[in-house]
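The first chain written gets the first letter, and so on, giving A, B and C; residue counts start at 1 in each chain.
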Amino acid sequence: MSPLHLDPERYFSSDPEQRRIAVELFHGIANLPIISPHGHTDPGWFSTDAPFEDAVSLLLTPDHYLLRMLYSQGIPLEALGLKPNDGAPYETDRRKIWRLFAAHYHIFRGSPSRLWLDHTFAAIFGIDRRLTPETADHYYDLIAEKLATPAFRPRALFVRFNIEVIATTEGALDPLTEHKRIRGSGWKGRVITTFRPDEVTDPDHENFAASLPRLGDLTGEDVTHWRGYLRALENRRAFFRAHGATATDHGPATAQTADLSPADCEKLFARVRDGRLQAGDAELFRAQIMMEMARMSVEDGMVMQLHPGCFRNHNAELFRRFGRNIGGDMPNVGGFLAPLKPLLDRFGNRKDFRLVLFTLDETSYARELAPLAGHYPCLTLGPAWWFFDSPEGMMRYRRMTTESAGFYNTAGFNDDTRAFFSIPARHDLARRIDCAYLAELVAGKRMEMDEAAEVAIDLAYHLPKKVYRL
Amino acid sequence: MSPLHLDPERYFSSDPEQRRIAVELFHGIANLPIISPHGHTDPGWFSTDAPFEDAVSLLLTPDHYLLRMLYSQGIPLEALGLKPNDGAPYETDRRKIWRLFAAHYHIFRGSPSRLWLDHTFAAIFGIDRRLTPETADHYYDLIAEKLATPAFRPRALFVRFNIEVIATTEGALDPLTEHKRIRGSGWKGRVITTFRPDEVTDPDHENFAASLPRLGDLTGEDVTHWRGYLRALENRRAFFRAHGATATDHGPATAQTADLSPADCEKLFARVRDGRLQAGDAELFRAQIMMEMARMSVEDGMVMQLHPGCFRNHNAELFRRFGRNIGGDMPNVGGFLAPLKPLLDRFGNRKDFRLVLFTLDETSYARELAPLAGHYPCLTLGPAWWFFDSPEGMMRYRRMTTESAGFYNTAGFNDDTRAFFSIPARHDLARRIDCAYLAELVAGKRMEMDEAAEVAIDLAYHLPKKVYRL
Amino acid sequence: MSPLHLDPERYFSSDPEQRRIAVELFHGIANLPIISPHGHTDPGWFSTDAPFEDAVSLLLTPDHYLLRMLYSQGIPLEALGLKPNDGAPYETDRRKIWRLFAAHYHIFRGSPSRLWLDHTFAAIFGIDRRLTPETADHYYDLIAEKLATPAFRPRALFVRFNIEVIATTEGALDPLTEHKRIRGSGWKGRVITTFRPDEVTDPDHENFAASLPRLGDLTGEDVTHWRGYLRALENRRAFFRAHGATATDHGPATAQTADLSPADCEKLFARVRDGRLQAGDAELFRAQIMMEMARMSVEDGMVMQLHPGCFRNHNAELFRRFGRNIGGDMPNVGGFLAPLKPLLDRFGNRKDFRLVLFTLDETSYARELAPLAGHYPCLTLGPAWWFFDSPEGMMRYRRMTTESAGFYNTAGFNDDTRAFFSIPARHDLARRIDCAYLAELVAGKRMEMDEAAEVAIDLAYHLPKKVYRL
């Protein structure tokens, strides 16, 4: 049986000098509270504080990183317990699913999923042996047993994970009931929402036509014309702010922005409203919406997050049969210079505007994003995102952005996850990679130790708080 | 005189911990047989077993890596013994050519060519001093002397190189005579062919018009219409399979695929057949051919290899005067997400289909290729290719693909060479870089040693055998 | 108070073996004279030999690297002493500006600006404490005091910096008065000019219309037609050559080249001359100009430098209020294969033509630039440029270009700066990174030490001299 243990010097360089420096830097930040300003956990967990169920529903089925890798090796999603829309059979025996997962655990070698999972198993569940077909049942039983105890309830874990604040993400029409309940419960954990309006701002979204009238109903605004529609969006932003939101979240296919005249906006909106879209209208509408969101952010102080560049639902058959978020989203080529120019021409020089930029196209780090963030007062670089939320990905991010953007135009770390139990692992990994990078600078005589120690604390704690106005 | 020797710890990190781990990992794979599933050696070598001639015709003139670098420094190809089409004089004194090469050996510093050549000189020919103008004649004479001995005949070297199987590449119309002779000779070396149909599937190929009727003659199919043409291609694939082929090989300019209706295919084929190409027809035809090749692979089980992204024959004058493969091919920008979607929409979820993807645009590794390979069951990532078949190139490949695709969606190593003597050097280098990468993971506590040892063996041996169905 | 000192082993790997090798390699090149074949210093400094004024006007206001980073953190350019065009107030108290800079010195952590500045402070001014708000006045006073001494006059520093030759850059219409004065002064420092014709060759340049008749007046050529215009350009090139120029410098937005017929050139020129530009005319004109510049280089032996890919003046408001070169230029996506083909088809195989290529899009290093430079006799790769003139940027450059282009198709280092005091720092940094890269090769048994030592000298000294025909 292979042991499982977390090496206290993990993810640092094996060079003794760098390792020593990294250990010292990490010592200064290991126990800082977690700031989680961008993520997708379920506020219902914290409002109800109900126990989690079992290893499969907790760790496997909601995690698209795991689903995609298993699927790539020929394992049908049905065998992993996902229910297809077409009535085809699917596995419901969770122990059997867990065993299947354990039998393929080797395919995750070298992936961040493996690191997060091992951290979860060892640090949260106290397991001391590796997941293999032989230990699968031990894992399954022990996890179920622990989950049934009070120490593994969501609120207890929130405290144990040392979370100072966590942001969830809700659609513009969401009543924020769970957030209200959390606040009304007297519990002191800080769980805030984030305003994600795609459903009511993207004409290509499958719910757009149905959502528009609901937006009108909810806000009491006349959303049949552009100005009323904008007022309705402003209204919802105010509602979200009242529930703790300090940020908005936007994931269009491209970074395109536009600056149309009010008259052109009105005409474009009329076509969008009536479903009479001409070629290019949907993208132009999204581009103009980005401008409006920036304008509203200037007015209401919400931080605007923009993460373009995802080709959603690339696998047509799986999207049809299983819907969104099952591993079929792919990074695409993206550009920023010309697309962002209209928005930056209007708001780029405003110090009171904050736009956090993310990318899935690493080629833009050093070429476009760091130079932009190292110039425009409004811009801050979000961390390495999604597929790049990994040791190599985060190290490339620092190496390719720091020289042009510095550290102080970056936003610290976002865990961006719906996998609650992985949050300590992800912050631990991110902090360690930042320390490893800083150790590289210190060992290479490119930074002094006292300055590196200050930067490490800023990256782990002060920058995300400041950037997200928390 | 400078000594030449191969350091047993070459290409590993100089960090003592990583080096120790890499040495141990390499020890476990150094003597594994060579699996060479994709290459361009001459089957005639193994059918005739005739001796090779001399250093120049063996090592220099067929190697476009060497020709291009020498040419870049102002050495005319004629001076290297290449015969131009225009009747201009060219050097025929091979010793003189070798001396010219030796006088410029320093320009290869830092290139993989230098590493492969030094390995060839030291490990195969037993030379112990560096190639310089002073040692040029010693090299030339010693190599000629060795090549005349039985131990340096192709079959003897095949055994000495520890090759378990090697695939050559032949055009769709090739009679595979040499392969037949090898099989008929009683010699036990496994030399198989690969089906490369560009000549009969690319309307822009200079031989296309002449090749089409020959395809009809060879197969007895009526290639004047689309369905007969497809049957003829199926027929040739069957012929290649009967001579050992397990794979097909496709090198279009882009990764574009298409899914036209049968009627549209018939019309497109008629225009192609008659040379009445409209704008975009040639690319559309190649795109549809990729779909047909995929469909045939599903039916006949051949592994489909796709390596788009080369701008062939960029140097117009050299192409005109010296033809193909003299160093004028250049890597181009390439994209995969949208171009591959038609093909993946039809066959992407088939476990019985295997598509091995290569790229010359490294920016697609982490952004598109690893995410695609880490999701679609049919996809496997081919190794770092051509210009990237090098220490830095292979290391970047692992660092940029492993976190999203893992190791088990990759195909191990392809030497992809017509330089037979470099095959041991290339596999040695590739195995060492994989060990160096694994050592980085182990030393960074991102992988345990026992798992790394298993992965090293899989990459060197089991994965290429499995992926290529050998 | 934090000490400031330059570690003698700075920028080398912390791996003891690599560090030892790098130290040894650097020892062999540390004292080589500086060859500075491409830069933007003011020839007037050397003709008048007048003292520099103070820390702010010397080190801060002319340095767009510093302006942009400070601006990104919300500091208005007016507060840094820049005078806006609109009559708005701006800071004139230089001590106050210096204090503001010192208060934000931490934002440069991890940037090359920090390394260059600390080198300047320590090695040139002999300061031994870090720049902080507390030491700001000490810095300001000490720098002012030193600048007033004879040892800090431009010519004395030229000697102290060990500059063998430095090239400035002047517009095509420049009378080169300062260069004449330098030559006439009897001073032996070699300061040469470089021919930069954008003003008279780019129809989009704001001065183009006014410059064209001046070009005619200066040269006595009839610039109302294409042939006369070309003769005028040839005339100015000859004038620059007579003042020491060995190179021309071109910074178009893209690498596009064209090969139009004389008749089409004449028509295009007529439209450009008359301001009757049609869509695409400006780019086509620039593309044809690149061809003409190449042709003239073949004829007159001047080295042609091409650095496309910059999106100039991205920040519209700052450009309007403060003009060029204040930090609003951004790297853009660039391609080389197809754009350069017309030019390479005509002159690519000429050994007597030298084209030095730079890029701001690092993705083209390994994919296009190194393969092109490793093939075409006319091509040489310029060093890592602008945003990539940094430890990480230069290391990526070597790692991504050496394997395909080797060292001997690269041009050594260009400091490309208007910051005279940073020149020793920049060459020191570049030489150290080259040694660090070579040490990586030697420690990884990819190069022998004697060859690395030779390459180090070639990169630091012989290659720039040879490439720029100095």
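Note that a contact is a pair of C-beta atoms (placed from the backbone, for glycine too) under 8 Å apart; a residue touches a chain by one contact, two chains touch by 3 or more.
It should be emphasised that the depicted structure is a prediction, and the values quoted were computed from it without experimental measurement.
Although subunit A and subunit C carry the same sequence, what matters here is overlap: shared residue numbers make up under half of all numbers found at their interface.
Superposing the C-alpha atoms of subunit B onto those of subunit C requires a rotation of 120 degrees, given to the nearest 5.
Centroids of subunit A and subunit C (each the mean of its C-alpha atoms) stand 40 Å apart.
Multi-chain contact residues of subunit B (touching two or more other chains) are listed as 15, 363. The residues of subunit A lying in touch with subunit B in their complex are 2, 7, 9-15, 68-69, 71-74, 106-112, 115, 130, 311, 314-318, 327-328, 330-333, 360-363, 387-388, 390-393.
Residues of subunit A touching subunit C in their complex: 15, 17-18, 335, 337-338, 341, 344-345, 348-349, 351, 363, 366-368, 370-377, 379, 399-400, 402-409, 440-441, 443-448, 450-451, 454-455.
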